[in-house]
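For reference, the structures are reproduced in the following blocks.
Next, two complexes with subunit A in common: one pairs it with subunit B, the other with subunit C.
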Partner chain A sequence: MTAPALRRSATHPFWQAVGILVIAYIVVVWVVPLLPGSAIVPKSVVLQYMVTVLVGVLIYVSDNEERWARFKEPIEAVLAEPRLRVVRAVLLVVVTALVGLVAYGQVATTVAAPPNLRSIHPAPPAEITFRGRSITLTGLENPLRAHPESLALYLAEGKGVYYRNCLPCHGDHLDGQGHFASGFNPLPANFQDNGTIAQLTESFVFWRVAKGGPGLPREGTPWNSAMPKWEDFLTEREIWSVILFLYDQTGWTPRTWEKTGTGDGGRGTGHD
Partner chain B sequence: MIDGLLVLALLAPLVPRPPSLVPLQDTTKGKAVYVKWCAGCHGDGGAGDGPSAAHMLPRPRNFTGAIYKIRSTASGQLPTDADLMRAIDEGLPGSAMPAWKGRLSDGERRDVAGYIKTFSAFFADTSQHAAALKFSGEPGGGTGAAALKTGRQFYDSIGCRKCHGDQGRGDGPSAPTLKDDAGFPIFAADLHQSWRFRGGGSAADIYHRLRTGLDGTPMPSFSDLIDQKFLTDEQLWRLAQYVRSLSPPDPPEVRDVIHAPQIAGPAPVSPDDSAWARADRYWFPLVGQVVRKARWFAPAVTGVWVQALHDGHTLALRLSWDDRTQSPDSAWLGFEQRVLETVAGDDSGPPKAEPWPDQLAVQFPRRLPEGSGGMERPYFLMGSETDPVYQWRWTSRPRKSVAGLARGIERFDTLPGALAGQASFDHGEWRLVFTRALATPDTANEVQLEAGRAIPVAFFGWDGSSGEHGSRMAVSTWYFLALDRPTPPGVFISPVLAMLVTLGLGLVVVRRARRRGTARAGRQR
Partner chain C sequence: MTDGALLLQAAADSTRAYGEFPVIGARAFIWITAEVHLMFAAFVLGVPMFAVVTEAIGIFGGDERYDRLSKEFTRLLLVAYSATAIWGAMLVFGLSTLYPRFWAYLTAIFAPSMWAYAALFLVESFTLYLYYYGWDRWKKGRAKLGHWTLGILLNLWGTIVMFIANSWLTYMMSPPRDITPTTDPTTIKLWHAIANATWMPINVHRVIANVVFGGAIVGAYASYRFLAAQSDEERAHYDWMGYVGNFIAMSALIVLPFAGYWLGREIYQYDQSMGITMMGGFMSWLWVIQAFLIAVLFLTGNYYLWIGMGRIPGAERFRPYTKYLLIVLVLGAIVWGTPHTMIADSKELAAMGGSHHPFLGALGVMSAKNTAVNLMILTTFLSFLLYRRANTRPVVPWARGGTIIQGAMFALAAGVVLFYGIRGYFVEAIVRIGFSVYQVLAVLSCIVFVTVIDVLMARGAQSLGTIQWGKMPPRSQYALFILAVTFTWLMGLMGFARSGIRQYWHVWQVMQDTSKYAATPALGYASKMISLCVLIFLTLVAFVFWLGGLAEKSTFVASGERQGGGRHVGH
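On to the complex of A and B.
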């Protein structure tokens, strides 16, 4: 295309509209996922965005009588001009084939895995039984933190517990990508992520470690979780020490119980 | 001079340099990184004896000996800084060593590489420093029949098959005798799983390993054979390309749903039936059973390939997996004992090696999940006392297949009636076909295989010669099996209708536009 022809197209409302739609598509499909914290935009959302953009474009081109007439020119030309017979035929065939393809995609069913909906942080019980002893979780803090002079010792102990037990799944970097992680679904928890231990009280973590997958309520899909019931392997102190290690190694601070006196005031903060 | 250095130092962060040229130096910072992220496996003193080491096979590297498997230098030489950086950055696939790139900063990784060199005096001695070998570029045509034939010829003539076996699955006659320099048992690599090669799975990576050898292991360097004119550099490349050709072009991708197409003929009962050539293969990774006592941290079966077909009445499920032995095999009893002694578990002492068979289990729920989106199913690890699972179990000796109910790992109750299973062993690969009627009379215990449903399925594998038995096994999570129905002709009605309507509307629009255009032209005239 020559430069003057290009300039003419750039100022033509029809080609402007096409350009805006193409740019919008590129932005939604390729640029948005690159933004930090974004993900790939689902197809249905892309369709919504594109319809919105299309409506905006139509409002703009139809706002002014002359612009509307110029906008329609190329469309009418393709539909009516005898010299554009080939373009017209190709367009008809392509549109028809596309409609057929989309319709087939809608009706041809294939079996997919059922949705795996689960509550990531289900509500914890107020109380658990640990090796026959009852422990009240509500308001419970990590008892090892009451001995700051021995913290280094507890941390070393927790590190040993982690590397002997947790490493194959939760990984060297505590990001849930250990060498066995790929074999499980759901994937092991990523402690580096701001959505796991960073959001939880240590008592919640204690419950999850002690009772594991089998101790999850139904909404936590206990049948899928490969998290062992660690009370079968570890003592209470070992669990508290490995929890210290998780927070120390990742740099997160545990969520604390709000001081709201007695009752259920501070229970379950953010555990949903 | 000092000014010049200062300017250079200030500019340094602005000038990108290849990582290999950046000096590995700050060992104080390196020590902090090492203690925090590496010592758990490699030990505070770098001897490869951190708290997790006893659960690993292969063991974490012992840095005090300065012997490294993955190098670009000649056999027996120290690795280059770039070699150390590569192991840290990319990790060692097939082992517990992760890729630290993206987990630690560039600076942290360089510092820690500098620090691990301080564990051995060899690195301080500059006379010991070695340069990378000059590697030639890969000759073209590496996937052609002639190249692979040449490669195969040298595979046989330079003795690869002694350890790696005739077909490359690590099942050669010397395999059960292999130990590394520290005396730990070591498996000859399964050359059909290039995605697990420690130094990378490309033909170039394989060529580099052939040139350098894997120091500290029985894998030698073959550079001297080039010097002795036993083979040319190009022929060594052909060998690398042949080895590469044994694995799939890309690492297998895990897909959630196994599709079993419906075929016209009867469902194949033999694993070597030609019908299997047309069925899609699905890969499922298996990992160690580390959930219940006694845990197992060194699973030998790393995954299964699964294919499924049905004929409307019978389902045929074909499983194939790599296994170095037809267990029990007395030649491997010593190796098995060494594995059990090396890999710590929950037992007070290492269990005694026994002539265990190989086993494979396929697991289903007893009934297809109903309600709540069809999500709920029994516990993935062999169900529970109250919610058992329905399993097909095969053992290599006695060679038999049974169906039954598992209530947790410890309890399996056989159901009456035989399960059809046919297995063959071929050069380190088991191929097994289970066949069963889609519908059975025992609807309470035996899953009814309905077409068009997502049927939960899971897999378990045991290699007897690696000491695997009972809870010492490789496990998978739940996946799904779907028996496809042939596409009913009715499906095509609505797309065809939609196309006709579109075409009709299009023609109407065109005709009206043309009529309008003619009318306008008439008016203007």
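On to the complex of A and C.
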């Protein structure tokens, strides 16, 4: 293609639209995974982004009469002009084949497990029973933090609890990459991620550790969590100490409760 | 609730607590009747708000077109009122025959308010008849003001009726904490039950949403009549009507998210579990769909304005900038729609190390979402401003300085939004929640101050030509249809989220649903039911629109009949 022809194409709305879609696809599928610490973008998100960009492109080409008329020119030409008979035939074959391929891809059986639409934030109850004793979770703080002079002791205790019980799944780095991790779906929680304990109050973490997978709420099932119900194996103090250790080791600060000014100790709002 | 109390309740249920409806089942019957009734109720509350405002503009601005527009809509209301009442009756019969125990419980608490509701509905209906049939009789002077007062009363009765109904459904959601499963409903004080935690937030949210809905329905009606118009003059009238509808809908939409945020906050305050189920738990996917639909609203509303610039002489000065606004809106939509927990197959999950994307996951949290939506609101406001200014040139001596100040205000507001959006990643959650207030205040202040400057600057402005109403391509009218359909869909969707978070409770933690339909429906099933309700409603509304055209010929006023024929909306 000659330079003037290229320039003409670059200013033509139809080719601009095609160009934007191609660039967006390249950015989402290939550039984003190359960024430091990034990973591949799931197909569901790629589709979502591309639909949004497509809507934007269609708005761009049609919000102006002149641009809209120019945008339609090549489409109308391909559909009607005798000189483009070959292009028309090729397009007919390509589009049909593409639709067939997509349909095949949708219905073909594979060995992979289907994508899982799973909610990650189970709603905690206001109150739980721990070995028969009622504990109110709303407004609850880690009781060990009330003794700052003994924190080092509790941390050492929590570290011991972690390495004896949690390590195989949650890993040496607390990143969910323990020896057994690859055997689980969903993967064990990655405490280093800013989307797990960093977003939660310690009372929420206490509930999750104490009740494990079997204690997850009825809504949102199946959770498929392999997390044991640790209240059967650990004492209340051991659980609080391991929670101290998780926050200390990762550097995250637990979410605090919002003060409502009513003197009831406040309630958490739980927003992200 | 204790196990013992549950057992007692289950035993009580054996004495005809639930009925059954043929084929579709009891729950689906209640779902459809309640939803379609609510949509019609929003129609008959939203459109009178629109009608009374346009009538006032007609009276005080001296432009007869507004008066005729107002009357045309009141005519549609007559049929819509009947539809509301019919669907309401179906709902009440459904509740009393299919959920008799629950209905008896509600009536034990709310009976006096139900009588007041019926009485007010009667008064409201007769006010509407007077308002419509008295239109041509009370046309001039004081009589006209009296007629307008009837319009205000119509809105007042309607709003009180809505507030009463809201108290019943909010009680089901957030009954006062001192009420337990063993509380005898006849001992509960009426006002105590009415003034529950979510009553006022829902009242405010629904009033604003009704204005949005009224505007959107007006826009859809106008687009229907535009596409069916036979003459240029008729097209011009309905083009203008569509613009007014869209303007009102979009203006109210800008403040709606703030009311929604308040409601969400009250739900969290009332019960954290309920809040997390709604926003972070199994209902969180509804919010991704909601983000999509609201992005559609913003994009479509702006698109309509940008196409509309084609009929305004002088707008060509601003058209090159719309593509930058579009880029902000598309990026905003992408950020807003990015889920925190992504749908991924096992290979993708392993690569990401979980269902949070290590890079894009940062866009899935509140800081990013609030920043995106605030920037989208600012962008939409800027679109309106450009549209408003398109065919004028300010002549006040401080025009240049004023425009620079306006630009600086936009930059400042955007800067504040971005600053707190980014800063939100580096502070703990409790501080981050407070940041959204600063972002909202920055945007609202910008909107208020820039509008004041703009109104002052428009004084005596030089006109670059009149708007060529009617010179709109048909696709612009489909944009108005999309707005109305999307609003209706959103109502159904978010209504399900609000109601569904009660899960298996008729009244949250007070009265359990022990019927076979107690399980909260899966999102796929819910989406189909919501879409079905939207389809039923829109089909009936299409019929009402058709009747509107059948009963009388259209009310557009030929240019010779107009008073102040050169006037144009928004200029």
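Following the convention adopted for this analysis, the second predicted complex is superposed on the first by the 145 of 272 C-alpha atoms of A that agree within 3 Å, B and C clash if a C-alpha of one lies under 4 Å from a C-alpha of the other, contacts with A are read in each partner's own complex, and residues count from 1 in each chain.
Criterion: a residue touches a chain if its C-beta (ideal position, glycine included) is under 8 Å from a C-beta of that chain, and two chains touch if they have at least 3 such contacts.
Worth saying up front: this structure is predicted, and the values here are computed from it rather than measured.
K.L.:
Answer with first, second, both or neither: which of subunit B and subunit C does A:H170 touch in the superposed model?
P.N.:
It touches nothing on subunit B or subunit C.
K.L.:
Looking at A:P214, would you say it contacts subunit B, subunit C, both, or neither? Reply first, second, both or neither.
P.N.:
Once the two structures are laid over each other on A, A:P214 reaches subunit B alone.
K.L.:
Would you check which partner chain A:K159 touches, where first means subunit B only, second means subunit C only, and both and neither mean what they say?
P.N.:
Touch status of A:K159: first partner only.
K.L.:
In the superposed arrangement, which partner chain does A:S38 touch: subunit B (first), subunit C (second), both, or neither?
P.N.:
Only subunit C is touched by A:S38; subunit B is not.
K.L.:
In the superposed arrangement, which partner chain does A:N185 touch: subunit B (first), subunit C (second), both, or neither?
P.N.:
The answer is both, since A:N185 touches subunit B and subunit C.
K.L.:
Could you say whether A:L79 touches subunit B, subunit C, both of them, or neither, answering first, second, both or neither?
P.N.:
first
K.L.:
Mind working out whether A:A113 is in touch with subunit B, subunit C, both or neither, as first, second, both or neither?
P.N.:
After superposition on chain A, A:A113 lies in contact with both partners, subunit B and subunit C.
K.L.:
Across the two complexes, what residues of subunit A are contacted by subunit B and by subunit C?
P.N.:
In the superposed arrangement, which is not itself an observed complex, subunit A uses residues 112-117, 175, 177, 182, 185 for both subunit B and subunit C.
K.L.:
Would you pull the subunit A residues touching subunit C in the complex into a rising list?
P.N.:
32, 35, 37-45, 48-49, 52-53, 55-56, 59-60, 62-65, 68, 112-126, 138, 175-177, 182, 185-187, 189-190, 193-195, 199, 217, 219-220, 253, 255-258, 260, 267-272
K.L.:
In their shared complex, at which residues does subunit A touch subunit B?
P.N.:
76, 79-81, 88, 92, 95-97, 99-101, 103-104, 106-117, 159-160, 162-164, 167-169, 171-173, 175, 177-180, 182-185, 212-214, 218, 221-224, 226-228, 232-233, 249
K.L.:
What residues of subunit B sit close enough to touch subunit A in their complex?
P.N.:
For this pair, the touching residues of subunit B are 36-37, 40-41, 50-52, 55, 95-96, 98, 100, 103, 254, 256-257, 259, 285-288, 290-293, 297, 346, 369, 373-381, 384, 452-454, 475-480, 482, 484, 487, 491-492, 494-496, 498-499, 502-503, 506-507, 509-510, 513-514, 516-517.
K.L.:
In the complex of these two chains, what residues of subunit C are touching subunit A?
P.N.:
Residues in contact with subunit A: 265, 268-269, 271-277, 279-285, 295-296, 299, 302-303, 306-307, 310, 319, 322-323, 326-327, 329-330, 333-334, 337-361, 364-366, 428-430, 432-433, 473, 475, 503, 520.
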